[in-house]
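Below, subunit A partners subunit B and then partners subunit C, in two separate complexes.
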Partner chain A sequence: MKLDFSFLWTAFIKLLPAVPTTINITVVSVLCGFIIGTFVALSRIYKVPVLNQISTVYVTIIRGTPMLTHLMILYVGLPLLIDGLGKEFGWSFRSVSIPMIGFAYISFSITAGAYFSEVIRSGMQAVNKGQLEAAHAIGMTTPQALRRIVFPQAFAAALPNLSNSVIGMLHGSTLAFTVSVVDINAQAQIVASTNWKFFEAYLAAALVFWGLTILIERLTALLEKRVNLYNRGGVA
Partner chain B sequence: MIKLRQISKSFGRNEVLKGIDLTVEKGEVVAILGPSGSGKTTLLRCINYLEKPNDGEISIDDFTVHCRKPVKKDIHILRQKTAMVFQQYNLFRHKTALENVMEGLVIVKKLPKDEARKKSIELLEKVGLGNKLDSYPSQLSGGQQQRVGIARALALNPEVILFDEPTSALDPELVGEVLAVIRKIAKEGITMIIVTHEMSFAQDVANHVVFMDEGVIVEEGNPREIFQSPKEERTRQFLARITPESTYVI
Partner chain C sequence: MKKTTLLAVALILVLTLAACGNKNNNASNSPSPEAPKASSGSASGSESASASTEAPVTVTKIVVGTGTQFPKVCFIDENGKLTGFDVELVREIDKRLPQYEFDIQTQEFQSLLLSLETKKIDFVAHEMEKNPERTEKYLFNNEPYAHWRNKIVVAKDNNTVQSLDDLKGKKVLVGATSAQAQILLNYNKENNDAIKIVYSSGATNDTVQQIVSGRVDATLAADFALSLIDPDGKLKTTGNSLSEADILFMFRKDDAEGQKLSDAIDGAIKELKADGTLGKLSSEWLGGDFTAEE
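Up next, the complex of A and B:
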């Protein structure tokens, strides 16, 4: 076997235009997942009636099924639902006008929400109960105490796991090719389809993903240093 | 004036407080003594609603919380009128000493930042930590952390400061500095309720001693009455065990 280095380089360059697509999918799903996850974690920690049960079911179903399955079900199911309702209520909006990447955004956000909720929940539980009590004791309301005292510490505690989940979503975003979104991996396939040098093309894709992952790791390390500033003492 | 009427609290089937009545005058320093499990910490925590009493009334001057059906807003007001110093200090770990004291002033009392900062620095100087303003709790000793805790409580100008065994988690060497600060602020006429095991401190600083056992107040009075001529057998037993040196005759 001979590795065609010059094609590896060509493929690498040709993959770069697909990078924004991958990053978009990752950023959207991580941000939405973070918001969904926070609400789910709060409803579960505070055992909010109804929401708690819905959240528990949501987390177990989503974590219990593959990310690809979520995408497939949504891809097939959402148009049925939208067009069905559209017919009922006489909307002019049709499911064909949803861009393909929209399915990836929605589906991966739902996936990320379930995983993130557990990360956020564990982060919040890592914060000593005395912190919330002290905040209440000085007269803060629970929302104030959560925002100012609990969340910052929970974020610091959850950061290593959060970065893990972000990397997971980055790599998971490759599944978007199944709904014809041209991400880095799909682009590699397209690049290689002319000369059948799939090995070089996928190797180039791996390098791009590795680079993006290192970037996330570096950013996390920086952030970790910043949010953990208060732990630098040694006295307990 | 703080008035507790028929405060009762159960954890499941375990009845921890069995209808406590207690009146604390303005400026009084109350020491609550008693064996472990007597309910003294629970009583203290009920006063600012870190524990929800099952029944009874808590009044501070003419403001009253009815514990059977408390209004959320009333609990919030009650907490603003009280402050707590914890056994485990519970300083906000991600905030410096100065930020810990400022937090309540800025967020709860809505003071402008400059004013809050000025007041907080004054308070930290008062507890002897003027040189530790920018230290995080993890960089402070237990005694220093507890003194920040006291400054944080003082900052809110509460009607009463509740101390929950403020020196129990400290190295013996560090107890003195915390007690000295408490003694200093006691002299300023701030109402305080202190749960403590430091008998000599209670005798020295308190002007009202309460002895609790098994969820009831067994006996209360001024320190001389309680320490030198307790009326109840249970108080005598407790004091004899906890201050054995007084029973020795050399």
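Up next, the complex of A and C:
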């Protein structure tokens, strides 16, 4: 078998229009996941009644089931739920008007939230309890202390794991094709179906993903430098 | 840092090329537009017993490769028995060819053509559609045992669509890598991308749901396959057939034994056609006679 380098290049170019879709899915799911994860982590660390129990159940269920399953259940279940409620209350909204990519956004955000919550929790717990006590001692309220003292350090501690999870979500976004959203990987299949050169097309897709991942790694490295400034240490 | 990156790229390319050289072009070119599942990757999970093509005296043993994932064509019924249109047809042919003894083996669809090439099986019976890419690499017998007609499929109450022209500006769902997608791509090439193609991965089995809910307006499907994806009859075919293909058995190319076998099978199929057995089998399994030329 010979590798067709010219088709590898053609495929690479044809994959580029699908890149925004992949990035959109990743960014939306990571941002929503981060917000969900922060709330879940906080309610678990501070054992907020009710929320704590709900959060624990959420994390075990979502982490205990595959991302693809979430997407499928949501894709099949959400329209039933919405149309059922719509009939009950006479809404004019129908599930058909949810764009396909919406299912990917919602489902992947839910998935990301569970994983991010654990990453954030570990980051928060990496910050010594004494720091919070010291902050209280100088008269800060708990929200103030969290915002000014704990979160910045927790973020620094969690950053390597966070970038891991972001890369995981980037690669996981290929599952969106299950609901007919054409991402980079799906585009590779489509591009190759005209001449059956799947190998070249998938190689091109791999290169695109690798490029995106390197980008994330670089951004993390930059961020890491910035957020670890406090940690340089004075006494050498 | 740059140097290491470059080195890594080079290394990976070399490794993939090497791996690719070893595989020797077996699996990569096995198009499968009519497979229920799109072929992706070339997993060769074929552990069939090695084919003993040569038996001593008169009866030659032939290993037939088929699958289990194609309802009504080759599948395991509720009693755990392999059956279906293609399987029963092969059994019928076996009865009429005393010089051969067929042994039917089931494999993943994706590995069937690879197994054929590596002589693990002697011919493939899996509703295989004849197309130019395949003809280049494999031998088909001459007497088709079914015809595949792709048609437009719409919701039952949709009476506005009769041809591809009626689908301009509408969304049509097709499987990525399918023969149906190719039909739409060809049409779009001549008509300014008039039809909006929605690609499906086939993973959610939601074709009926998507059409009935109005998310897409139509799909394309082989006429007999419609009853398989839509058992409740919520959809219907409409218009003339868009393309037609012969369904044949596939053999190894440039193989004298294979040619002899193919000729013998052609003879048997002609007999089956003449006495009506083939049409009966088709009606029994596929819900209609799809074996005659239109």
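The criterion applied here is as follows: the second predicted complex is superposed on the first by the 233 of 236 C-alpha atoms of A that agree within 3 Å, B and C clash if a C-alpha of one lies under 4 Å from a C-alpha of the other, contacts with A are read in each partner's own complex, and residues count from 1 in each chain.
Everything that follows uses one rule, which is that a contact is a pair of C-beta atoms (placed from the backbone, for glycine too) under 8 Å apart; a residue touches a chain by one contact, two chains touch by 3 or more.
Source: prediction; values computed, not measured.
Superposition of the two structures on subunit A shows subunit C fitting alongside subunit B with no clash. Within the superposed three-chain model, A:I138 lies in touch with subunit B and out of touch with subunit C [touch as defined at top]. When the two structures are aligned on the shared chain, A:I190 is found in touch with subunit C, with no touch to subunit B. Figure note: vertex subunit A, arms to subunit B and subunit C, all at CA centres after fitting on chain A; angle 160 degrees, rounded to a multiple of 10. By the document's definition of touching, neither partner reaches A:F7: not subunit B, not subunit C.
After overlaying the two complexes on the shared chain, residue contacts for A:V96 are found with subunit C alone; subunit B is out of touch. Of the two partner chains placed by superposition, only subunit C is touched by A:F199; subunit B is not. Looking at the shared chain after the overlay, A:F209 reaches neither subunit B nor subunit C. In the superposition on chain A, A:F116 makes contact with neither subunit B nor subunit C.
After overlaying the two complexes on the shared chain, residue contacts for A:V182 are found with subunit C alone; subunit B is out of touch.
The superposed arrangement places subunit B and subunit C with a least CA-CA distance of 30 Å. On the side of subunit A, the complex with subunit C involves touching residues 1, 3, 72, 75-76, 79, 95-96, 100, 177-180, 182, 186, 189-190, 192-194, 196, 198-199, 203, 214. On the side of subunit C, the complex with subunit A involves touching residues 5, 16-17, 20-21, 23-25, 28-29, 31, 38, 40, 133, 173, 176-178, 181-182, 185, 198-201, 203-204, 206, 210, 213-215. Subunit B makes touch with subunit A in their complex at residues 48-50, 76, 79-80, 82-84, 86, 88, 90-95, 103-104, 107-108, 135-142, 152-153, 156.
Across the complex, subunit A meets subunit B through its residues 128, 130-131, 133-141, 144, 148-149, 152-153, 156, 227, 229-236.
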